[in-house]
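Across the two complexes that follow, subunit A remains constant while its partner is subunit B and subsequently subunit C.
On to the complex of A and B.
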């Protein structure tokens, strides 16, 4: 049995096909990461799985329950935190929890137990009576998570939960997720951060409404045969333009203050050659070396391969 | 738990949340309770068609007992106040041009001489006609005062000649329901209906679109709540607020403006509640088509304006072109205006009001079901 199983899932809006036939299987207890460029269809896919949207065709099973036919039952098994999770700002922390619990018909005893547990867990206990609108961004995010978990779902679906959250809160958020994973919960999340994707047990890369690659992060990195030549320099953008003109160095990715160049083997001849090319254009090079491909390299090369 | 219990629990949860939100949102609280009172008070004072203390500019070139008697009649009526006295006709004109006076009265030299000599004398009146409704009323008051003076003069003349004065024709006027023809008694019940409509439509349209604007609607959709439960829970607080508003606004009308409520308050209350069904439905419908609170507000205003103009609250429907008259049959406010005015002024009961009540009920149910079904599609 899978926590989530979809087949042939499709959804289009007017003229654009947001999800174009997705077959997805998420094992129980997995931390499943969904990554891909903006507009790839990640949010739509999550909305379909959670039942916020109805697919044009295809099927969805949540823990073996047909989610399209038994929407309410499937809904009780999952908790969904949308990208723009907004709480009722005029309600206190406790009132927000109470509201979401009562909509899901959580019994009083079980609500109190779960509420105390979640408040302690998220360190929100001292702020029980505070209005949600008066919480910091990180605390709001944790309250959002608590509201999604108030009915004790076995499957948690999070759409970019840490976007716009400060690094300290982000780390805390991940600690909370880790302990839920230890309790056997299944988590599906989308993220723009590669370090977060690296923590997942399985990653699905989404592009143009399909999932061309679904694999473990470790295995995914081996998809690139060869190695990456890393150059640290001041003008990565110009360097990429210059290098892209040559026939050998066509795959150049910018990563902040450095560029990664795909080469077939760690041959120091490449370094000398690249230094020469950049020198001709008066681009100063600070540092060079070979490195193993990062997840980001993998995705950029997948996208470029698809475009070609 | 059985289904009915779950339904009630969810409706209660939504309604409770709405009340808490409302209680902590001063702006909404103000709109819900203070705005109707303020609106009724302001409109009650402003929406009056009574003619009172009209500023008059006078050019009395005769300066005689007769001319003074006419001017005295004008000021004694209470309708007119002599603001200025000018020596020439040109100055009278200037005074009206510059809005210092609304009426000019020119009494030519030789007025007394003509009257005493048995010749027909003339006075000229100039009325600012830029406000046609007001000018018409001013004219009729002026005519009445001057005619009375003329009748008195001819009676004097007749008795001087030994003829017993008599009036060959006279009207015996009886005005029912509003004997003193106070326009406020007529306008305030109309405004009462307007205020209730505006408040309940705007509040409802804002309440649901707010969830969309803030993105909280998405969370609601993930929960097992059904659209009908959401709507019921959402509308319940606004229905209750509307009922409180009905009471508040009635109290302002009766105790502050001293508008006599001839009919039954219970009937007024119940039929107002029926009318609310149409306005809550309209608000809900606006909510389903708009994406932001601003849009909802704008659409509300765009709809409310023509509704008011076509409802017959400002001008009688009988005066409108025939095609427009038929169109007004589609406006629920039209029926409610009749109901409110009749209950207030004539003390009418259901035996008189049933056709309007029936129309209101039909519109209420149709509008409500329509908006609920549209809402279903949007959420699913």
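On to the complex of A and C.
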């Protein structure tokens, strides 16, 4: 049994085909990351899975329940936090939880237990009586998560949950997610941040409404056959322009004080060659070395391939 | 030596008793892409407002584009450009009309506007899209247009507030290439952000916390010198049990899940990591937990900044 299983899922808006036949399987207990360029169809796919939106065709099963036929039942098994989750700013933390519990018809005993547990887990206990509007961005995000989980769903669906959250709050948010994961929850989330994708057990890369690559982050990185040559220098842009003229070093990416050059193997001959090219243009090199491709490099290379 | 485009000495700003910016000294050289980082509430926005001539300092001084922020704020304002994520383009105007609009705001005469428009269209790669309605552009193109509009008056310094927050990696790389090309032409970039992927793109960084500058340097220098302790990554069959065992070990700073893995940050110096790894391995083995892999990993910028924040909190705990 899968936590989520879709087949032939399609959804169009006017002339745009947002989701064009998605077959997706998410194992129970997975932390499943959805990545891809803006406009790839990630949000639409999540809305279809959560039942907020109805597909034009295809099927969806949530823990083996037909989500299109038994919408309410499937809905109870999942919690969905959209990109702009609306809390009631004029209600307190506790009142917000009560409100979302009443929407989900959570019984009083169960509500109290789950409320106390979630408040503790999200470190919101000291702020129970505070108005949601008076919380910091990171705290609002945690309250949103708590409201999403008030009916104890086994599947949590999050659309770019950490956009706009600072690094300290982001780290805390992820620690909370990881703890839920270790209690057996299944999590599906979309993210523009590759370091977050790296934490997932499985990643699906979405582009133009389909999922051309679904894999573990570790294995996805091996999709790039070569390696990255890192050069630390003072004039990265000029170096990129000079190197891009050669046939071998076409893929040059600037990262502040250094550049990454894609090469087919970690051959020190490349270093000597590049130093020579840059030296001819009077570009001083501080340091060189090889580094493994990052998930971001894979992301860009998939898009380049699809464009070609 | 010419004066750096941005130079602040002991800049301080109080709001009542609250010290928002506490004696910040910084200077940014011409053509640098300077990243000004810090969590929410650290004092980033207050500092930038002062540097833009929008807010008076309580004490200290700063020169921006050679003008004093306290005595010549209007000269400062006309020498800088500003672009944020919330930059408002007029979505029902065409690309060309948006550029005209911002050109008029900055008081460019017709002949200069015509020239600058051509330059900006070329710079941003918007050739052929001049008569496209802005709302129909993709996010990536809108951002390039917004950047173009914010430099229409050829400012010496461009302030960018989280310019690529939430943007996918492909569009982000294209946008940063544009920033680098402006920097290469001599424009100074002052980027405010709390996103570490943006920080990685800067040539030099300053990290502010509790109103104070707690670290500065190139991304590489900061990675090399500012991380105390070591991060150990552990892949086991029973992460929940393993976490409980590792947490109380000696010299552990923070132990947390990282997806299915465990990240243990030790306070021990880098050289002693091998011994710690051995100890963790033995402890887990004694408790019947299979260790698939255990090794140190290089810290990310985010790891370093969180470690700096913790150090500051420990030192300034009484505040």
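Criterion: the second predicted complex is superposed on the first by the 276 of 308 C-alpha atoms of A that agree within 3 Å, B and C clash if a C-alpha of one lies under 4 Å from a C-alpha of the other, contacts with A are read in each partner's own complex, and residues count from 1 in each chain.
Everything that follows uses one rule, which is that a residue touches a chain if its C-beta (ideal position, glycine included) is under 8 Å from a C-beta of that chain, and two chains touch if they have at least 3 such contacts.
Worth saying up front: this structure is predicted, and the values here are computed from it rather than measured.
Student: Taking the superposition on A as described, I'd like to know which of subunit B and subunit C A:281 touches: first, second, both or neither.
Tutor: The answer is neither, since A:281 touches no partner chain.
Student: Using the touch definition from the top, say if A:264 reaches subunit B (first), subunit C (second), both or neither.
Tutor: neither
Student: Pick one for A:300: touches subunit B only (first), subunit C only (second), both, or neither.
Tutor: Once the two structures are laid over each other on A, A:300 reaches subunit C alone.
Student: Look at A:87 in the shared chain and tell me whether it touches subunit B only, subunit C only, both, or neither; answer first, second, both or neither.
Tutor: A:87 sits against subunit B, while subunit C stays out of touch.
Student: Once chain A of both complexes is superposed, is A:125 in touch with subunit B (first), subunit C (second), both, or neither?
Tutor: Neither partner.
Student: Does subunit A have more residues touched by subunit B or by subunit C?
Tutor: Touched residues of subunit A are more numerous for C.
Student: A:76 in the overlay: touching subunit B, subunit C, both, or neither? Say first, second, both or neither.
Tutor: first
Student: Based on the A-chain superposition described above, do subunit B and subunit C contact any of the same residues on subunit A, and if so which?
Tutor: Residues common to the subunit A contacts of subunit C and of subunit B do not exist here, since the sets are disjoint.
Student: Using the touch definition up top, name the residues of subunit A that touch subunit B in the complex.
Tutor: Counting only subunit A, the residues touching subunit B are 50-52, 54, 71-72, 75-76, 78, 80, 82, 84-88, 90-91, 95, 99-100, 102-105, 131, 147.
Student: Going by the contact rule at the top, pick out the subunit B residues touching subunit A in the complex.
Tutor: Going through subunit B, the ones touching subunit A are 1, 6, 9-10, 12-14, 16-17, 20-21, 24-25, 214-216, 218-225, 380.
Student: Note which residues of subunit A are touching subunit C in the complex, please.
Tutor: My answer: residues 31, 35-39, 136-138, 160, 163-164, 166-169, 171, 175, 178-179, 181-182, 192-195, 198-201, 232, 235-238, 253-258, 296, 299-300, 303.
Student: Which residues of subunit C touch subunit A once you look at their complex with the stated criterion?
Tutor: 33, 35, 39-41, 138-140, 165-171, 173, 176-177, 180-181, 183-184, 194, 196-197, 200-204, 218-220, 239-240, 256-260, 300, 302, 305-306, 309
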